[in-house]
Structure formats: structure tokens, C-alpha cells
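Consider the two complexes below, in which chain A is the common component and chain B and chain C are the respective partners.
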Partner chain A sequence: MLRRATALLTRPVISLRARPFSTDVSETPVADTSFYDAWKKVIPTLEPPHTPLTFMKPRPPTPSSIPTKLTVNFVLPYNSELAAKEVDMVIIPASTGHMGVLPGHVATIAELKPGVLSVHEGTDVTKYFVSSGFAFIHANSYADIIAVEAVPLDRVDASLVQKGLAEFTQKLSSASTDLEKAEAQIGVDVHSALNAALTG
Partner chain B sequence: MASNAAVPFWRAAGMTYITYSNICANLVRNCLKEPYKTEAISRERVHFAVSKWTDGKPETPTIRTDTPNV
Partner chain C sequence: MAMAALRREGRRFAPLISPHPMAAIRSSIVPAEEQAPLGVRSISTQIVRNRMKSVKNIQKITKAMKMVAASKLRAIQAKAENSRGLWQPFTALLGDTPSVQVKKDVIVTISSDKGLCGGINSTSVKISKALNKLNSGPDKETKYVILGEKAKAQLIRDSKKDIVLVLTELQKNPLNYTQVSVLADDILKNVEFDALRIIFNKFQSVVAFLPTVSTVLSPEIVEREAESGGKLGELDSYEIEGGETKSEILQNLAEFQFSCVMFNAVLENACSEQGARMSAMDSSSRNAGEMLDRLTLTYNRTRQASITTELIEIISGASALEG
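On to the complex of A and B.
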């Protein structure tokens, strides 16, 4: 049974590390060298144009000691709420439960559910309500949070939330097809989350 | 379907993630206080005209709009 044990032990370990996680920070090249080489072969007299890569700021490598601050990018389709802001902690409404993210958090991708995203900065706490989206937490204490719609919590109207909750609870009981049921269930989920955010 | 793993209820009902997240976003927009609500809803409005081309000529366009009185 152990005849192949030596072969297993001497097998290169590289295969285990060959596929990096998508949350890993890759060494971003400053420019596409193969493109520049090809350009110089064809038009040696003209400077090569800028490519998207040259406009991208490379992400800092993972530091050996844990930094004191978490750098957060929080973006919406129409706005950039937080751009590379250094904060102490964010609490993310992940679909698996609320998740506190501190500097040095393990690299993760989390799906967001409707809920409160709170950004802690010293004693200041900023609360947003996010509808849905994704959070990417990188190993170098960077967190990218992407949401479809997010608003500061004080812009939510409590009476409209109550009205919507009642309406969708009624719709859920009268729904006949699977799709109608799912739509009503989403309505109940979103409004209960809004309600919990306002009262809790 | 790629996998038989447990799926969220909206996926089981035949919705895609885009549909789900857009419904969620719309519900949140409808619960905002007034100046922000109109602003958020107007941001999502679309207006376009589509016309099919037959024999090298466009047919009468159909207009898809969220602001019918403009």
C-alpha cells in the first residue's frame, strides 16, 4: 500500500500553490512589456501609447506585520462613497451573517444581503444600508465593497418601510406561482432588514 | 445548471442574481425620504428607441421609456 509513498513525497509541491486565490494580491506589472516590445518592432520612432495598465495604481504587497488601519473602497454604480479610506473596522452584512473586518483579516469574498454596513473610525460610526452586492477582502488589509444601492441610514423613511413590509407580507400569503412567492419573499426580507436597521 | 448544490430561494424560482439585486435595490430606493427618493429613482430611468432594419431601411422605431411625457 505504501509502495508509492516515496513518489508522493517527492512530488513537487508547486502544484498545490499553482492556482492563487482571486483575493490574493498579485504583483501588478507596471506596463504590458510584450505590447511595448511589439510596438517598438513596428514603429520604433513613435512612443507607445498608454494602456489601462499604466493608469492602474499597483496594490501594495502584503506587509509582514499587520497594519493598524483597514483601507476601504466602497463603490456604487453611480458614486464612489469611500475611496481608499483608512478606517479601524467595517461590519459587513454578509449572506452568511454579519462579519466584522479588522486589519489583517484573512482574504475572503462575501456576498452581501440587504443590511447595515457600518464603518468604524475611532469613535465615529457611519452606517449605510446596502441592498445587495459583494465584498472582497484582500490579504493586504484592503477591502473592496461593491453595492447596487446604498444610502446613509438617516435617509430611510420609517413609515414607508412599515407600509412596504405590510404590503409584501400580504403579497406573500396571496402569491400563487414560485416567482411571485420569491418576489414577495425578497420584499419581506428587504423591508424587515430596513426595519431592523431603523429600530435596532 | 452547473451544480446541484443548495441555492437561494430566488435562484430556485428562476431568478438571476441581477434580477434579485435589482429588485432589492428598487425596494430600498422606494423607502427613501423625499428629496433622495426622486433623485435615486430618476437615476435609474432609461429612454431609448429601437428599430429593426429590413431591406436596408429602418422600420418605425419602438420607444422604450420610463418618462412617457418627455
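On to the complex of A and C.
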């Protein structure tokens, strides 16, 4: 009983801390208190489960002036390449064309195509080849890039790319079913993008 | 001097003192302890000895299982921690909506295939049932998708008709994104849903797991919520690049979100499973040790008591003859 009492005491504090964000124009959604209330009413014997938001560091609200740096999160399933890193600019291979993102960029959701993602930090430029994924640019100069696979460009073997390209082009011409054709087309697309990234 | 005499006397009178002379002869063929003839004073220690042996063997097994769990945990913990960045962008964009009310709820319960790992599986089952109760109502239907043998065994008892899909043997091979996205695809293809609620145990430390529910909405619900200006009202302010229509992008986005959230959830749950197994096995080997200590004490006491009894018998027999 007492254990529950402390839990009840701490809960309002959390929601108070989260509430100021809701008055601003913010990208940080507030914790879903109605869920906890409903849970308490229906299942009073069981502690409500956590939700992902409780594990996340809150994002700042949109500042009134444009910040000088762009905060980038670049994540892969097996790693976080960049975690809340402040950079000057990123160039994203969106499916509609390459997109340069500076601080204060308009909020955007973009689908990625195979291509080069470059991160500009002062004079340093880091280039990654990403396979596919999504990029979210928030109004508070945060950019989230999620890719299924990404490698730094200097680790790609050019001769293997040529070989793969030839192989998939041959497969595409000999493909009979729609599925095979689509698979070969993806292979050709990725390899030609890689080839263009390496040569260009 | 006295001892030597006693021994000599004892040897001479042993057949006479023995209450069951036949037993002494038969003992060369059959172990004496198994017979426990009537009127014998010494207490049989065979049962205790057998018990000690089995407890010792169990302790060996639990210790080995703990070691295995510890080494598996180390490998999977790194993976789980690296995958934690994956779901965060989605939550930042689409928010966290456990309280959303929809018609078709699908509860994805993640559990382990093997037992002996404490209460993590029953926790996820309990949370799933509670969530079902919370979201039940007229013209609503809630279905279960189960990952892992253990939750299946528990849920099949009272909600068999609500289970639409059971996927097991997840951890036969080391978990990777491709494998999990194939699973996610399987679920997306076979199950109709408005909201997917994924229940798993988030790994905090070897002894602490936090039952967690992540919500993934279907593209139609995302659009509905964004238009009605609820929790996802800000989504309308985003420009959408690529794809022909907005709904197409939202479809891709929801599917990608599901696979990413699933990947993290499966890893976290596997990590919690190993942690829970490790601490469960640790406490059971400690328990076995304590039990062994108690049994050893009982065994030694009994042995000593029987020796004392025999000595008393011999001495009193000898003194009766002398006197």
C-alpha cells in the first residue's frame, strides 16, 4: 500500500515538469496522463506499464530565433552514428532529390533513397552511404535520420561495386517475374548510386 | 589399554550383540541400509545421502545456467543499448499515444521461448490482459499476437479465440534487424489493426525490468488524429517529401516505425530474459547451497548419534558380562 502511495505522490511532479512544454509550440509531446488515469480506474491492483516517452530525453521547444547549429540524430538498427550532435549542415538523399538542411529548416518528413548523406561540421565533411530510411526535420532545428544500413564512404570497395552492378544489370535483363524484376531493379539502383557516389 | 580390551571384547561379542544376526551375513550381498530391520537402533543415512547428491547436482546445473545466461547477457546487452536510438525519432515525431481509442486493437505480447527466467513472462501476460480489459468495450475488438512460447502457454488458456498469430523460436539465431523486419512484415500482412500495442520488458539492470507498452498507429488513424488536431496535431505542419500521396508516405512510415519499435522491443526483452535468468539461477544455486549445508549437518549428526549408540551398546554389553 505504502509503495503505491509514493508512486502516487511522485506522479504529479512528473506531469508538472512536462506541462510547461505543452504551452509552447513544442515538438515534445507530453506524457499521456489520461492513459495512467484510465489504467488506475480499471486496473487498480497493477502498476501501469511504462511508455516510451518516459525513457526519452525531452526535446526543447522551438526557439524564437534560429539557432546557429543543427542538432542531428543519425541512427541505425545496430548503432547510433550521431547522437544529438551539433553540426552546421547535413545533405540528405531524399527520394525527391538531395536536400540541404540548415538550422531553421522548415519541418519536413522525407523518405530517403540510396545515396550519400554528408554531414558538414565547420570544414569537416563526413560522408556516409545510406541504403534507405526516413529523415524527420523538426521546427526546433532537430534532424532525425533513420537508416537501415549506412557505411562511411571511404570503406566501400569500388571494384566490388562494379562487379555487383554488372551482376544485377544482367539479372534485371534475365528476370521473368515481377518480384525478380523488382529485386534486380533495387540492386541496380543501389549499385549505381554507390558508383555515382564513388566517382562523383 | 582399556580401548584395546574393548575392541577385542567387541569383536568377540559382536555376533551376539547384533540384534539380527542374519542381517550381518546378508549384508555382504545386499547393502545393509536398505533393509532397516525392526528394532535396529542405528538410523538409516541413505535417504539423506541420496538427497544430498541430488541437491548437489541441481546446484551444478543452476550454476552452469547462470554462467551461460551471464555470457549471453553481455552480448545482447550491447546490442539492446545500441538499438535504443532507433525508436526515439518516431516518438519525437508521432508522439506517444497509449490512450488512443480505436476499433481494432492488436496487442503484441513479447515473451521468451524458454522458462526458468523469473517473472518476466507472466508480467507481460498480466499487462497484456489488463490492456485488453482497458481497451474493451462495445463495437471494439482486441486481438493478440504472441511472440514466444511462454506467453502462448499462458494466454491460450483463457483467450484462445482472440489469438490471431503466434510466432516462436525467435532466438534460435542471433537477433538482427532483417529477421525482425520479416516478422513485422508477417504481422502487418496477416493482422488487421488500427493500433498495435507492443508489450515487452525494458532492460534496466540485471535485477530490474520495466514492463513497457509502445503504441504504433495505422496510417489511417495517424491521419485522423492529425486532422482532428489531437495529440498528433503538429504532424500537419510537416512538409512531406517524396511519394505520390501523403497517405502513401504515412503507410511507409507506420510500417517502418513498427519494424524499428519491434526490433528494439525484441532485443530489450531478450536482454531482460537473460538478466532475469541470471538472477533466478543465482538465487537458486544459493538456495541449493544452503539446503546442502542443512542436509550435511543433519547427516553428520545422525551418523555421530548412531556411532555413539553403538559404542554405548558395546560398552554396556561388555560391562554386563564382566559384572
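Points to keep in mind about this one:
Here, the second predicted complex is superposed on the first by the 145 of 200 C-alpha atoms of A that agree within 3 Å, B and C clash if a C-alpha of one lies under 4 Å from a C-alpha of the other, contacts with A are read in each partner's own complex, and residues count from 1 in each chain.
Basically, contacts are C-beta pairs under 8 Å (C-beta built on N, C-alpha and C of every residue); 3 or more make two chains touch, one makes a residue touch a chain.
It should be emphasised that the depicted structure is a prediction, and the values quoted were computed from it without experimental measurement.
In the superposed pair of complexes, A:Tyr78 makes contact with chain B and with chain C alike.
In the superposition on chain A, A:Gln170 contacts neither chain B nor chain C.
Which of chain B and chain C touches more residues of chain A: that partner is C.
In the overlay built on the shared chain, the residue A:Arg155 is in contact with chain B alone; chain C does not reach it. By the touch criterion stated above, A:Thr68 is placed in contact with neither chain B nor chain C.
By the touch criterion stated above, A:Ser131 is placed in contact with chain B alone, chain C being left untouched. Legend: residue contacts after superposition of the two complexes on their common chain; A:His50 is shown touching chain C, with no touch to chain B.
Judged by the touch definition given at the top, the superposed model places A:Leu194 against chain B, while chain C stays out of reach.
By the touch criterion defined above, A:Gln185 reaches chain B but does not reach chain C.
By the touch criterion defined above, A:Pro114 lies against chain B but remains apart from chain C after alignment on the C-alpha atoms of chain A.
Comparing the two complexes, residues 78, 95, 133, 148 of chain A contact chain B in one case and chain C in the other. Across the complex, chain A meets chain B through its residues 78, 95, 114, 129, 131-133, 148-149, 151, 155-157, 160-161, 164, 178-179, 181-183, 185-187, 190-191, 194. Chain B makes touch with chain A in their complex at residues 8-10, 12-15, 20-25, 27-34, 36-37, 40, 43. On the side of chain C, the complex with chain A involves touching residues 79, 82-93, 95-99, 126-127, 130-131, 133-134, 176-177, 199, 202, 210-215, 231, 234, 237-243, 249, 252-253, 256, 260-261, 263.
Across the complex, chain C is touched by residues 27-29, 31-32, 34-35, 38-39, 42-43, 46-47, 49-53, 55-56, 59, 73, 75-80, 83, 94-96, 99, 106-111, 113, 133-134, 136, 138-139, 142, 144-146, 148 of chain A.
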